[in-house]
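Here come two complexes built around chain A, the first alongside chain B, the second alongside chain C.
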Partner chain A sequence: MIQAKQELATVTIGAGPAVLGQRRSARRRHIFLELNFVLPMAIILLLVIAAIFAPQLAPWDPLSQSLEARMAPPVFAGGTSAHLLGTDRLGRDILSRVIWGARISLVISLAVILITSTVGTVLAIVAGYVGGWLDGLIMRITDIFFAVPGILLAILMAVILGPSVKTLIIALSIVSWAPYTRQIRGEVLQVRESGFVAQAKIIGCSPVRIMATHIFPNIVNTLLVLATLFIGIVILAEAGLSFLGAGVPPPTPAWGSMVTDGRDYVQTAWWISFFPGLAIGLVVLAFNFLGDWLRDKLDPRLRQI
Partner chain B sequence: MLQTSSAPLLQVEDLQTYFFTRRGVVKAVDGVSFSVAPGETLGIVGESGSGKTMTSLSLLRLVPQPGGKIVGGKVLFEGVDLLKLSEADMRDYRGAKISMILQDPMASLNPVYTVGEQVAEPLRQHQKLRGQALWSKVIDALRLLRIPAPQARLRNYPHQMSGGMRQRVVGGIAISCRPQLIIADEPTTALDATIQAQYLALLKDVQRQTNVGMIFVSHDLSVIGRMCDRVAVMYAGKIVETAGVRELFNHPKHPYTAALLASVPRLDQKVERLASIEGQPPALIDLPPGCRFAPRCALADERCTREDPPRVQVGEKHFASCWRASE
Partner chain C sequence: MGRYIIIRVFQTFVSLIGLSLLIFTLVRMSGDPTTLMQNSAMTPQDIQNIRESLGLTKPYPVQYLIYMGDLLHGDLGRSLVQRRTVSSMLSVALPNTLALAGWGFIVAITLSLFLGVVAATHRDSWLDNGVKFLAILGQALPSFWVGIVFIFLFAVKWPVLPVSGPGGPAHFVMPVATLALFILPGVLRLVRSSMLDVLDSEYVKLARIKGVPERVVIWKHAFRNALITPLTAAGAIFGTLIVGTVVLEVVFAWPGLGFVDITALQGRDFPVVQDITLLVGVVVLLINLMVDISYAYIDPRIRY
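And now, the complex of A and B:
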């Protein structure tokens, strides 16, 4: 019995690294077979290509109007191949406007993510590491921004500052940095107590150095997951604001305002609202799926978000 | 091996580190004095909560915040009172002139950096080394700790190494700037017995080669006996006895030291039951007057519970804080 157990033990020990190696390589092979990685990635790639090469890809000028071709249906619903996805009430090509809209969406969401993740992370690390009254102050401010309804604040700002891309970026940044601070501060509190932070103090690192080179690299996974998830949310918020008229001012093609444009014609010319709406849905879904996938890959502890 | 010069490397006088908690003031270190000569190893032995770790953290002014505070005393390192330095000046001592080795090799290394990076960090900071000069010093440090194939090991991450190797890397970090003093706080508690013995021998060897002074903190008397030249026994925030290691083991004068030594299992004697010290160490809040060991002491009389015992010299370099030490 004992001998058998020992045999078993040696077998397992011997097999350990090999099994691990196999599992790892298996995972690597499967990454391109994982649908919840490949599909979102494909959509996001499409979005990025559309945004970068909008002038080359769009068949028409997104602003050029044509009274003869107004409200033309998409090619598969009885339209012509001149306007693949049809035209709106001013005769502007929907496909071209959706492609140019990708640029607006991506520029705004990336700018907002860059600003909010930087501000949120810096505040979180300072609050979590320094602690004391500074922690209390930062976290109470964070709580206040959690309590304020974001969309209302953004509309208010757009009304005061006048709608423009810049206003939209500022407004969306102000309302969406708080979740980073709250989530990442929790992580910092954990990392702060670890042995390697004590070790860093022992070798004479300054607090700033500890925060930048020892704490930050250990919370970067969380940051990445949060940022990915929030791109989708920001795109949705931007579209919502544009839909409400507080976003990108017309005639700039933004998906949200395109949906508004077609609101009155949904029964007669559904394509005006449908295609920008579809773009919003797909892109937001893609970022959410990608965020979920990243979260599972990088940090299983975060699954409850 | 012992190159003890007359001027001590480190002299601690009446060090007091208190914790201010809601329930009261905890006197974790209460008037501790000792000195370490260059190349000498001072052992600090005591049970959990006796203030060993707080004493060693106080020397580097790294008492846990918030709550902990060094409220009095002097820490003279090469004649400079470290407690009077600015925080920025103090940082120039940490890792450069005074190093520390922590208990847990698994936790002391940052998982996101290679071990080479981590050994290089103090050299970059304190000696401003870059490039080839930096890496040759890093390899020197790893070689001193007998890490095989140091050149290849540089690029390893901590999780790719065994516990024993990781603890050697931690030792390498401590020695990289060639400090004059290393504080080792139970550096081997997380390692198994064989690796522990290897590591201790290695530390001794490093000390012989670099003539570094060492403060070796442990609760393990056998380890203290192997590593140290002199020993300070701590009980409830105070040093109750200091002596040379042989003198202490053979002629303990303080009843606590004697009781500690009696409770060590021995291979050369057959005993039915190990001796133990009855009772618990006192809570360090609201301490009663008198000797702190008195409630557990077999020899205690009425005077012991009334007045603090004096520190008396009972032999050459042998001091004990006990009313009855000289009897």
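And now, the complex of A and C:
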């Protein structure tokens, strides 16, 4: 008994430094948080500028080939300043292709995010608010889309429709709307029970009006966080599909297919694969950090994702 | 309990039907699969004959029933490019994929359990931050690129490992390491956060107050319960594992399902791609079913 009391005492005393440590780390995390916003935003800004002003920024035409300048190394590995990041096996300038690749990457991922978040949210609100058999049906369909690995389904679609930017957007949209529906439906179920929804019903608001003006504004934060977190995932999936040959067909400069271009030349020209891959990694990193930051600010309940 | 299992099995059955319907609809989306089989030597009559022999002149519901009937008899159809049945192609490729995915799974799970527990028990230390950093990198860097960088480093610059292809144990090192890095972040996050939750619970505090040694508290009391959350995600983890394997088989020229899938993509050999997609989807659904049932045994609160 006495022993237990003593141990209880040590436990309480022991809590002192731990609490201090937490406070200290909270302060550190605060500074870190701001960096978590500034650094990713800088990279994303760079991406957007590269995407918009690709024709002005790229020193070369991304498609122009040159026999003399084939597989020229980057400037810091013995190359010339004409091709800062070197050239590929057809003599195309890597830097220019990476800049143009930003445009492809951004356009496709934004289109997919727009489509999937709209479809996913509408289905979630309908399923969560209307409920009943409709809810059951929508959630079963969601389960199926969770079960098939997206990349495989997207490859199947590329086989059927032939690889193109349009196919890629359709395929990525078909495989990535389900997480929105599952996550947001949970939120809708909570909002549905609130007093203001009941009151709106009493004064005779139509279901559509309740869903659009009373439910939707309450799930907007979750939607925003999910969409930001998913940009990184979509960019990675797009790059993966382009790498596998199920994405943007050549010669369009997409980062994923640029990595493929260099795969067989790892021994002689590592830079062909290296820089586009690095671009993918940096951009995805930036969107993941931004999504985490946004989640902490807007919707800490989403922590688990 | 019995009622729960029956409902879950029924739901899985409905999902399986839905999955087959989805894939069937997607394949018919192109309108007519024979457009993918045509070549310039064929007359319109030839094409019409192909259509009839494949049953494409029949109405869609009948076509779907024929497709399902064949599937249930184990007939996965024939490849359009190779003169073989799809099942013979898959039975050659499957062991290769299972070997790669199996080792990747073992390495990734062992690492993420260990690192997840270490990170949770040393919260906010440099160890925790290091583990988080690894997870963030693994999540952001494209796995196919990491694989190529590994090849450059360990097969070209310092040639200690074989470049690609299957073979002895050395051939496994790079693909398995890349695959493990790909699966690691998701599982690691789950283990870490679930471990943090458990460490915060009353019975762990009680165990500490009782004077149970910290090592026993962590590995016996907390760890076992922290395992439940990652277990429930087994279906999703398997899905990630397959996606990673498909991509990395292409990078490392590994003759498994992914390699077959991409070769079929290049030849627009849709029966092969269709069956691989269906196969993986079915396995994920069955894993989810098994997880839910075993979870209901572990946790009696789960009921319908």
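The definition used in the following text is that the second predicted complex is superposed on the first by the 272 of 305 C-alpha atoms of A that agree within 3 Å, B and C clash if a C-alpha of one lies under 4 Å from a C-alpha of the other, contacts with A are read in each partner's own complex, and residues count from 1 in each chain.
Everything that follows uses one rule, which is that contacts are C-beta pairs under 8 Å (C-beta built on N, C-alpha and C of every residue); 3 or more make two chains touch, one makes a residue touch a chain.
Please read all numbers here as calculations on a predicted model, not as lab measurements.
Upon superposition of the two complexes on chain A, no clash is found between chain B and chain C, which fit side by side. Contact with chain B, but none with chain C, is seen for A:132 once the two complexes are overlaid on the shared chain.
By the touch criterion defined above, A:166 lies against neither chain B nor chain C after alignment on the C-alpha atoms of chain A. Annotation for chain A, partner touching more residues between chain B and chain C: C.
By the touch criterion stated above, A:277 is placed in contact with chain C alone, chain B being left untouched. When the shared chain is aligned, chain C comes close enough to touch A:141, but chain B does not. When the two complexes are laid on top of each other via chain A, the two nearest Cα atoms from chain B and chain C are 13 angstrom apart.
Comparing which residues of chain A touch chain B with which touch chain C, the overlap is empty. Listed in rising order, the residues of chain C touching chain A in the complex are 11, 14-15, 18-19, 22-23, 26-27, 29-30, 124, 136-137, 139-145, 148-149, 151-152, 156, 193, 208-211, 235-236, 239-240, 242-243, 246-247, 250-251, 261-262, 264-266, 268-270, 273-274, 276-277, 280-281, 284-285, 288. The touching residues of chain A, when paired with chain B in their complex, are 131-132, 194-196, 198-206, 214, 217-218. Taken together, the chain B residues at the contact with chain A in this complex read 60, 62, 65-66, 88, 91-96, 99-100, 102, 104, 106-113, 121-122, 125-126, 170, 173. Listed in rising order, the residues of chain A touching chain C in the complex are 3-4, 7-8, 11, 21-22, 25, 140-141, 143-144, 146-153, 155-162, 232, 236, 239-240, 243-246, 256, 259, 262-263, 266-267, 270, 273-274, 277-278, 280-281, 284-285, 288-289, 303-304.
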